[in-house]
Amino acid sequence: MNAPRRRLLVIDGPNLDLLGEREPGVYGAETLEAVRLRLAAAAERLGCEVSFAQSNDEGQLIELVHGAPARAEGLIINPGALAHYSYSLRDALAAVDLPVVEVHISNVFAREEFRRQLVLAPVVSGLVIGLGAEGYVLALEALARHLSRRDQGS
Amino acid sequence: MNAPRRRLLVIDGPNLDLLGEREPGVYGAETLEAVRLRLAAAAERLGCEVSFAQSNDEGQLIELVHGAPARAEGLIINPGALAHYSYSLRDALAAVDLPVVEVHISNVFAREEFRRQLVLAPVVSGLVIGLGAEGYVLALEALARHLSRRDQGS
Amino acid sequence: MNAPRRRLLVIDGPNLDLLGEREPGVYGAETLEAVRLRLAAAAERLGCEVSFAQSNDEGQLIELVHGAPARAEGLIINPGALAHYSYSLRDALAAVDLPVVEVHISNVFAREEFRRQLVLAPVVSGLVIGLGAEGYVLALEALARHLSRRDQGS
Amino acid sequence: MNAPRRRLLVIDGPNLDLLGEREPGVYGAETLEAVRLRLAAAAERLGCEVSFAQSNDEGQLIELVHGAPARAEGLIINPGALAHYSYSLRDALAAVDLPVVEVHISNVFAREEFRRQLVLAPVVSGLVIGLGAEGYVLALEALARHLSRRDQGS
Amino acid sequence: MNAPRRRLLVIDGPNLDLLGEREPGVYGAETLEAVRLRLAAAAERLGCEVSFAQSNDEGQLIELVHGAPARAEGLIINPGALAHYSYSLRDALAAVDLPVVEVHISNVFAREEFRRQLVLAPVVSGLVIGLGAEGYVLALEALARHLSRRDQGS
Amino acid sequence: MNAPRRRLLVIDGPNLDLLGEREPGVYGAETLEAVRLRLAAAAERLGCEVSFAQSNDEGQLIELVHGAPARAEGLIINPGALAHYSYSLRDALAAVDLPVVEVHISNVFAREEFRRQLVLAPVVSGLVIGLGAEGYVLALEALARHLSRRDQGS
Amino acid sequence: MNAPRRRLLVIDGPNLDLLGEREPGVYGAETLEAVRLRLAAAAERLGCEVSFAQSNDEGQLIELVHGAPARAEGLIINPGALAHYSYSLRDALAAVDLPVVEVHISNVFAREEFRRQLVLAPVVSGLVIGLGAEGYVLALEALARHLSRRDQGS
Amino acid sequence: MNAPRRRLLVIDGPNLDLLGEREPGVYGAETLEAVRLRLAAAAERLGCEVSFAQSNDEGQLIELVHGAPARAEGLIINPGALAHYSYSLRDALAAVDLPVVEVHISNVFAREEFRRQLVLAPVVSGLVIGLGAEGYVLALEALARHLSRRDQGS
Amino acid sequence: MNAPRRRLLVIDGPNLDLLGEREPGVYGAETLEAVRLRLAAAAERLGCEVSFAQSNDEGQLIELVHGAPARAEGLIINPGALAHYSYSLRDALAAVDLPVVEVHISNVFAREEFRRQLVLAPVVSGLVIGLGAEGYVLALEALARHLSRRDQGS
Amino acid sequence: MNAPRRRLLVIDGPNLDLLGEREPGVYGAETLEAVRLRLAAAAERLGCEVSFAQSNDEGQLIELVHGAPARAEGLIINPGALAHYSYSLRDALAAVDLPVVEVHISNVFAREEFRRQLVLAPVVSGLVIGLGAEGYVLALEALARHLSRRDQGS
Amino acid sequence: MNAPRRRLLVIDGPNLDLLGEREPGVYGAETLEAVRLRLAAAAERLGCEVSFAQSNDEGQLIELVHGAPARAEGLIINPGALAHYSYSLRDALAAVDLPVVEVHISNVFAREEFRRQLVLAPVVSGLVIGLGAEGYVLALEALARHLSRRDQGS
Amino acid sequence: MNAPRRRLLVIDGPNLDLLGEREPGVYGAETLEAVRLRLAAAAERLGCEVSFAQSNDEGQLIELVHGAPARAEGLIINPGALAHYSYSLRDALAAVDLPVVEVHISNVFAREEFRRQLVLAPVVSGLVIGLGAEGYVLALEALARHLSRRDQGS
């Protein structure tokens, strides 16, 4: 009998619904839909299930994070610019007991000064920054492997 | 004939719906529901009516504050981490003509550096910090007594 | 045959629904409704159509900005206190390809220190600050003239 | 047989001997003597004994804190302006094994910038700020209830 | 009998004599002379008289401001880079009892860091920033309408 | 009949008892005793009485300030290095209703960086800095003339 | 035979020509002319000659300072707001070999934050701050006595 | 005929030779040797060749970076603590025309304040932070895929 | 005939009377009495006499320092937390002509941020930090050897 | 036929008219006249013509810069202390299309902290600092060679 | 039978090879060789063996620290100016499990501002600062006694 | 008989071995070899001997500086990015008794913020910045003339 497949959740924050349209020189020309297809394919390859959510609203994102443990064993979050000031989202991430990888498509360190402050970062497991939409796939791989190792360890 | 009972409103901000579950070492093991029962009992004892609202959403919290004067003569707010950056919530509090007590369950000064910045504090009447869920009860007592004195003064 | 009329959109942020009630010494006694009437009259005079939106919610404001290109050729935004910290709203404004004028009713430089930080300002076209509700009208005129010149240039 | 009554100590720091005379617009018109009577009445009501000390001298305040465990089970301290720079008083508070509530009569966050730095705060249990002389009573209640719960827990 | 026409004064500071020549990508290709003609036309339309002065010298600008009440009922000033450090010019503006609108042709917030400090701004009535040479016209309209309302109010 | 003579009080803070011995290159070779004789002579000349106090102890200085209104109509204070951090002494000075002149013998702006922060200065009437022991005499003259004008005004 | 009278020079900087008109709540109602008469009388009493200069122009003030040694043995300067940023005027003062007293009519420490930076102060002999127009007279006395002592010492 | 295999270079900086021994709670118990084996296996799987270098010396690391284009098409660098101050290493990375991924084993944002400054980050392509030794593998995959896409694009 | 024995003075500041009781994890379990015995023994061994003083009061500590030259040829001071803000104590130390060694029992650099500011340090001869109570003995040895060398040099 | 000689302009700012008199320990004993003779000789040697201007007035310096392209192909400027705050002079230099070398006689980095801020530097071609009056000659050589290379390149 | 002698290692960083030649007013006239002889004598007296290393190279110093546990039971390090920025050396010290005493010959707090930042200090056991070359001897004594106590405790 | 020729040493720091290859838009297309030939020619013309050294290693650079007095009478150093943080190299330069000119090829003030901090600058004689490779030649001329004047002065 097969083990149930691992479930992962990918949450995107403000303005990521515009991916592919907004400043393609910075964020690439791939739409969020295309990124999700790529992630679904990678999940398939890794034997995981991946679900997706996006919101432009801090409050809804907090609730998506609160609800994450019921939906998934690991969380990927691209918080958009909330990364730079949303201590409320930080507290939400600190409150849930899940491994979290924060993803930024562009290299935030090579842009405006304010993007160097990453207020969620101290409470996530790790970060993938500046590697484009591929960064989500890497985060997925990281979480999948982490969960495998954890289970094998138990 | 009896005087109408005083009405007070308690507003809780982001992540306080998780009270009792989230980092109990920091915030205690009592749930928000239990805190509200404790507050209702205290209100009863003080001859007040207390109503409650919670939201994880800054926009909704602003509207709860806007609506507060229609529902209450005094306001208790635990803004969660919005305390540290939400100038919009600050402006909402400054806009309504109500006594406001800001409550923080944990001692924000004994935690991360960013929690020492309290951007709502300059526009509230007072603050109760680090006294646990009991802090809400103290705030309730403070408001009830304040309103009594104000009315006796008129 | 007449040219289609230019469409402009005016977005107001947190607490501006209280205009006229809130701190009239700072923001004036005119309500948002009255300001809109004044703007509609000015738009009429300038041969434009103007539509309006207000929200106390950062997430909804971001979506209003995302939807602006479908509704208008130019955008006026009074972000309220979000002007001082909402990098998410900034990213939304940077993402849409519209001329934007940021309006502040009061002179933010003559008030609290935190109001001197204007995080949206680097991505808008221009700002009108401290000229009261009249500032919206000036912004409307600026956009109308800008669009005229642009079209005449083409 | 009755349990011995709980003993609490209230220490006031520099300039609080002038209470009622000094800047009544900021600190209220009630004298320290009147506040103490109010506190004694509240203590009576709570079944506690309360004793009082005031000094304008950092060194004496440190010694009052050192001596507190011999006199009381809980400590209320209004450090006056020492709150903003006295790391020696902070070390004294950290050295004694007592629950401590720091009280400020006025809302220090609504005054000069320097009053936003609270150097004792990280080592106290909690703070009551800006609630006037009533703040002492609230602190007393907080300590009395805390000690009750602690003992019932044992 | 006609009311005397309103008089307004437009003062330009350092380097604005080079308008149209200097960095046209930043400041536009219109010369100061052309801007003045545009302003004179707008003044005509608004039933005002407008006079002009320009100096590269802080001392002369201070004296132009001192003399403004004798020449005009309202003042438009583009202080050039003095906006960022001339506390003497600020004191001059604060000393005269005239409504003042500060104009910046380019969006100072989208340029070098030092241009974000606007030391005159706290003492002017309002600012028009980043709307090109048209900003002067908007300032003129703002002042003209302000003076009309003021007089109608009396 | 003669008017009673004006009484002034001169308070010296930490280390000023060493005047004349301590770093004479910085503070001059005149002892505190000699300075007081000079001041007494000046007071005589001005028709005032002057009394003196010195303490190395912040607490005693606060109490000297508290007691000043009972002893004098004007206060001269050389706070020594307490000028740079004693917010408690500041609060004491703010609490008493007396004209106060702060004196520093050496030019504090020409010495270490920390001496540029003068935390009492915002609550005193004026300051005399860097003019040597003569600064006390000037402060005395300033106060004497101020009191004369005030009384003549009444 | 009489010794030649000591000559002193009083230089006033930007906006001090408006003394008595400008913000009398801050600077008093006495005009610069009246202050000069008062100073001349004091000089007469002290057996000095005093001459006066005022300019709103940093460049002219620098040249007045350069020329001071030819006109006077001591210099009193009220630099107005140049005190807060004119490193050029500072260098001029450092370059001339004269005792200099810097005067500020108002208490700059009790006003805006930027007025706490005094960039000339490290190169002057001393400062008289916040003692009103009387401060000039005190500075005159200080310089006169300093020069007397210096000459008696030689 | 087979295409030549892609070559990648992994450079480790100061103290990474101690991996597995040094603070295993922070950096994990796996040695650098073991990490390299894991990387070699991953490279094999991805059809790449990977070579390795480690140095505790900034100068040698600069030369390793200079020599990288001759050895590899992509570079992975874990700069250790040089990440926080070595502007020389930054200039070396900026000077070579290679895609670079910076790896940190631990989450530098969750540690000491100084580790939040990442001075190389603005000149690298992307970063993988806090994902343990697995981070190197992810970086390898990122580079391998990037190079594939680049070549397919040509 | 024997030379008179060298006399050294050890001054301890606020809270050091609690040594051995207060936070033994930080300061060790040895009491101040025990440390003094250890120091007396070391002094005996080095042929010195050592005397001791402790105060929790800044003012008394200043006077102990003033009196030190009459009692000793060298001074050891553990200023407790006064090290971080007492510019008055600093001035006292600068005023006396004695070699001074500042001792801190714990490693102040490994604790809270505020303990990294050492305001007395620039005026002492040297510091011994973080070496426990043994640090006093080392300071004693340093002073004894320094005085020996100095005398042998004369 | 000979090519016309290259023309260069040397502008000196505030206080440089005092060269040779003012703080010779810092600026050397050579007068501005002597420096100019040295420069003229060097220009002769390099086949250039050099003209000179000096002003203590920011406004005149701005106009000298504006007029420079009509007089010269290259500009040497010693801005004196304006280097540290004159953003107006910076804008003037940025506005003219000439190679500019900024010269400082003394090593500004070895003096007061404020001299480390060089606000013109980002818009000049290069700087020669701390090499005495010889620095002007080096700047002249740099410009002469730069212009030669530029012309040979065309 | 004798216990094996304790081994201690003394590492000196950049520029300490110049000891005795370099700025003898700051660092004394004793050469590093002489200091080592003094240390060897002290070690002999304390029954220890001491070995020495010096390097001007951060990389070599890191490797010396890595190798220290194989050579010694305690480490004395004078990091020279690396103390102020070498986070790599800090990590090396944190990685080895040895008691470490950091020595500075001069009083770094009495010199340039940048020397007040001690980045290694949080990870060493203790520091001896400003006590000259004797500081090494004190550090040796401290380590020797520490190791004795540790062993006696086991 | 001829005087021996003056010897000068030119030291280049990290990444300058890449000159001509690395970011030619910033540093020019001339290689280090070419620059050295140009310098040798200039030296020949000036009757000097010039030798060269380059290293990417801070430690080697320190030793090159230590050895400089044995090889040369004057030193030219382009420290590369070590200019911005290497306090060790600064101490080395301060330790040797040679005139030193620091050269930067590009205008460091027109680049990233971090390049504005020049930590070696306070201990060198002078700087030539932003004048390209020609800056080395100017530095050579400056040193040659300085040494000539020095010798003629002796």
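In order of appearance the chains are A, B, C, D, E, F, G, H, I, J, K and L, and numbering begins at 1 in each one.
In the analysis below, contacts are C-beta pairs under 8 Å (C-beta built on N, C-alpha and C of every residue); 3 or more make two chains touch, one makes a residue touch a chain.
On a predicted model such as this, the values are computed, not experimentally measured, just so you know.
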Steps in the shortest chain-to-chain touch route ending at chain L and beginning at chain B: 3
Touching chain F and also chain I, the following chains: D
F-G, D-I or A-H - pair sharing over half of the F-I contact pairs: D-I
Approximate Å spacing (C-alpha centroids) for the pair chain I, chain K: 22
Separation of mean Cα positions, chain K and chain A [Å, integer]: 47
Between chain C and chain L, centroid-to-centroid distance (C-alpha), Å: 55
Contacts with 2+ other chains: residues of chain L: 57-60, 85, 122
Every chain pair in contact, whichever chains are involved: A-B, A-C, A-H, B-C, B-D, C-E, D-F, D-I, E-G, E-J, F-G, F-I, G-J, H-K, H-L, I-K, J-L, K-L
Chain J partner contacts - residues on chain G that touch it in the complex: 57-60, 62-63, 66, 85-88, 90-92, 94-95, 119, 122
Partner chain G, residues of chain F touching it in the complex: 101, 107, 109-110, 116, 118, 121-132, 134-135, 138, 141-142, 145-146
Chain L to chain H touching residues, read off their complex: 13-15, 17-18, 21-23, 55-60, 80-82, 84-85, 112, 114
